[in-house]
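Going in written order, the chains are labelled A, B, C and D, and every chain counts its residues from 1.
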Amino acid sequence: MDGMESFAALVARYRVIFFDAYGVLKNARGVMQGVPELLSWIIRQGKDVFVITNDASRSPTQMAAAYTHPEYGVLIPASRNISSGLLAKDFLRSKVRAGKVAYLGKPSSAFYIESAGLTPVHINNCSSTEDVAAIALLDDEGFDWFRDINLTLNLMRRVNAPVVVANPDLAYPVGDDEVGLAVGSLAGMLERIVGKSFIRFGKPDTMMFSHAFACAHDNLPELKKSDILMVGDTLETDILGANTFGLDTALVLSGNTRPEQARMMIQAKGITPTYLCESVFT
Amino acid sequence: MDGMESFAALVARYRVIFFDAYGVLKNARGVMQGVPELLSWIIRQGKDVFVITNDASRSPTQMAAAYTHPEYGVLIPASRNISSGLLAKDFLRSKVRAGKVAYLGKPSSAFYIESAGLTPVHINNCSSTEDVAAIALLDDEGFDWFRDINLTLNLMRRVNAPVVVANPDLAYPVGDDEVGLAVGSLAGMLERIVGKSFIRFGKPDTMMFSHAFACAHDNLPELKKSDILMVGDTLETDILGANTFGLDTALVLSGNTRPEQARMMIQAKGITPTYLCESVFT
Amino acid sequence: MDGMESFAALVARYRVIFFDAYGVLKNARGVMQGVPELLSWIIRQGKDVFVITNDASRSPTQMAAAYTHPEYGVLIPASRNISSGLLAKDFLRSKVRAGKVAYLGKPSSAFYIESAGLTPVHINNCSSTEDVAAIALLDDEGFDWFRDINLTLNLMRRVNAPVVVANPDLAYPVGDDEVGLAVGSLAGMLERIVGKSFIRFGKPDTMMFSHAFACAHDNLPELKKSDILMVGDTLETDILGANTFGLDTALVLSGNTRPEQARMMIQAKGITPTYLCESVFT
Amino acid sequence: MDGMESFAALVARYRVIFFDAYGVLKNARGVMQGVPELLSWIIRQGKDVFVITNDASRSPTQMAAAYTHPEYGVLIPASRNISSGLLAKDFLRSKVRAGKVAYLGKPSSAFYIESAGLTPVHINNCSSTEDVAAIALLDDEGFDWFRDINLTLNLMRRVNAPVVVANPDLAYPVGDDEVGLAVGSLAGMLERIVGKSFIRFGKPDTMMFSHAFACAHDNLPELKKSDILMVGDTLETDILGANTFGLDTALVLSGNTRPEQARMMIQAKGITPTYLCESVFT
């Protein structure tokens, strides 16, 4: 990591590109202008592309629908939108198996509970604690914070059920140098009060990288970790996680990490990307 | 600390009694039934009584008004209601001196900013960051959590001003085995995101005990720490703080610490009160 | 998880068994008496067996040598001893590539650095900071704590190199209700002082489970996660990690978790194993 | 806090000066050259001088002996060397009262246990847990780290006694841009493993400032907090603590805070001193 690199030049050196979504391909207004053209250009060069995102606010099909091109259609199919919601779903299916799951999040988050064969109940409709088999913290929107965070706290004190956090992020960019507080921050606050260990899914844990690597490997049996580039905007999740998993990494400065602070933060935190790029449009 | 003690019997052994408010003298519905009679009985025996409370939601005069007796009138005057809000006020007056203080809390919390000679501005009315001299987290009520916690987070990222937390509690009892999330939890969450050190006032820091001891000592020049009993319902604040300051302590089980868990929590946390009492009415 | 289960009865229900080493198969004096017989009995029933261990103090070959049977020879080959040291080695090979790695640990720990093609230098011989490409915290033995922990702290402040922690455990059982402080505790202490993010390998991160699952899957293409049982003695690593990865789990009470505390700790921490067994010999 | 100030010019504006010791008046080789002349110059102007130090490695008398002038003799008497050890002693005397105190530290640290009327036993001589009334972490020297930190950990798991930490510092300057790990770091590591709340004495808690203010006030009844300047080298202890107590503060760059990092750290941590000085010799 010396100077700024051109992202287009980097792409040429790798066989598979993993992208974080928010701050890289998307911002508060949706998919950034130029992203469909960029993705189709990468794909036409024969590269495989995945999205690796800490997000449980919508289904993989909804995620895939965001990346479409007028000519080429859906660019990243649902099966290549690997989300922390998906890992939470796998956990609920394999470890919880039956019953109601009380959740915090938008109605579209409930997809991950339903598709695990369980019954989602919004925390505000959770009148009885009797058959709550798990509690899921999915998204920071879709509920009244004062009422529902307090309801969640009291539910956690009363039922002995696993707590699943489907997005460990602390904050996310919402545009014009504003951030929004993510559900991972709410989870950390509640965990500290109740003193239990929640089960977190998402970067920097390496499980999404393993999952995406296995998918990519099925398609490309010769694939090695060194053939993959992870592109992200957040040091503590995208870069730390991909470093731990053994991938090369590019930090882009279009999201959580501001250009004037990037080098200072890299040094202060000791998390070093392989490359620095202003954005994916360079 | 062996068995349960009668609180009335304990009172006889001390010269000065320090009471926590919530969970000891008050609950979610206000001052507990019987408290005015109890306090007047203690005072008529010649004991000095203080309230030491992590609370910045109302002024000392409002606090004092809560403890009145039909016959004896105000039992604990404003000057003996020592609150974390008072320490925050002293800090603002001595260290901030001029300008606007953006705050989270009820309008009655703003008392502590005004009486420091500063201008309180509710976070939701804080349109410009220009002249914000400090940010004060005072209470968990009086604002829209989603909108105003996010506003506070972004304000903290933009202005370089001290952040004052006038109540470090994580949660407080709101009745019938329900708790409410206190502003100290919100402060911890924000502190972790922005990575700065907030300035906390309240137990377990010993500053309120020093303050109350100095007041009591002015009145009773022979007073020693061993003449004082601190009565509280929370191990991590009331008991840890008073232990550190060197006072004897009674843990009452009418608030944050539930009777069936008391001994397990004392052992698990390693915070040991001198005495255990069911409540102040024993 | 209701009553105590017989471990032998559990084995019958699974196709693959993952074992933690310390507190399950080993104690302070080495492999527990009866373990070679138990393992050979399990293997003769056609089960696949892996060891999943937070340990970077010796090579997989040395680990394998511990589990031998007079008649059947090596029971768990080196390739099925999946250790956090192995993950650290993979990281060093893929992300560091060249140079010296300053390490804390026994000389046998240096195996993981050498086999990554790098040059191990014991922290006490690290006279120059010039070409230190990484710092590796491998084991709690093999160095003078006062001298070498202070040397490590100062090296971390001076060089801008990744810090690898090859065992995140806080403590490990050393026999007769004594524990030893593990290198993960030293790492947490140093990380807090220098304020950087270290790169941790080992449970509860799911990477070792992914790795072992991929190995097992190569051999048994039909294998599902529900065919695997993870057996461990520590809630925060073995059970939390395997729960997160989606495996069934058995907590044994022969190591870090003491029988009289097991149920209280499960409830207090909110980490729930599928089964409870006194030991693997039941 | 704009530019660098001359310390001599600052002194003129205050009535009482509180000094931190390490990194301000002392370094690894003892009292810095020129300090006796500086202190006597300040005292001859009629200022009152106190040392406020997180240190329990020697007695107040030994501390006082360090600040002597060939002509004027002892400059800061024992009664004005306010140490965290002193607070620990007061706690032990008032709250522990009788029995053995197992300690980590140099023999000279044991002064604080003896002068509380208790029996100090070095952790390495603590053969029985029977009558251990408290455990005291006093200093980072005077013991074999590997053996005695492990002994302490196991003792803490076995006895239900308060743990006193008489120096909460993480590290301290030992000269030529080297630091030494302080006993506060060891305490934090042990606290995390055993899961209990230790009782910490020292800055940034305000108790030493209260103590010193009360001493100063006895001598100068008109003294206000705004008449006092606290001089320190560490943001998180000296400056945060004195800010919280309401004193003006000068950060000197001769110790823990390096000149090239001072402004960045002030901004990053949000702890702002009133003044910045290169050292006390400016």
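To be clear about the criterion, a contact is a pair of C-beta atoms (placed from the backbone, for glycine too) under 8 Å apart; a residue touches a chain by one contact, two chains touch by 3 or more.
What you are looking at is a predicted structure, and each value in this text was computed from that prediction instead of being measured.
Any chain touching subunit A that also touches subunit B would appear here, but none does. Interface subunit C/subunit D: over half of the residue numbers present appear on both copies, so the contact uses mostly the same residues. The distance from the centre of subunit A to the centre of subunit C, each centre being the mean of the chain's C-alpha atoms, comes to 28 Å. Distance from the subunit B centre to the subunit C centre is 45 Å, each centre being the mean of its Cα atoms.
If each chain is reduced to the centroid of its CA atoms, subunit C and subunit D end up 40 Å from each other. Across the assembly, subunit A contributes residues 268 that each touch 2 or more other chains. Arrangement of the chains shown, judged by which pairs touch: one closed cycle in which each chain has exactly two touching partners.
Counting only pairs that meet the touch rule, the chains in contact are A-B, A-C, B-D, C-D.
Subunit A makes touch with subunit C in their complex at residues 90-91, 94-95, 160, 162-163, 194-201, 205-207, 210, 214, 225-226, 235-236, 240, 243-246, 267-272. Per the touch definition, subunit D reaches subunit C in the complex via residues 144-146, 149-150, 153-154, 157, 170-171, 178-181, 185-186, 188-189, 192-193.
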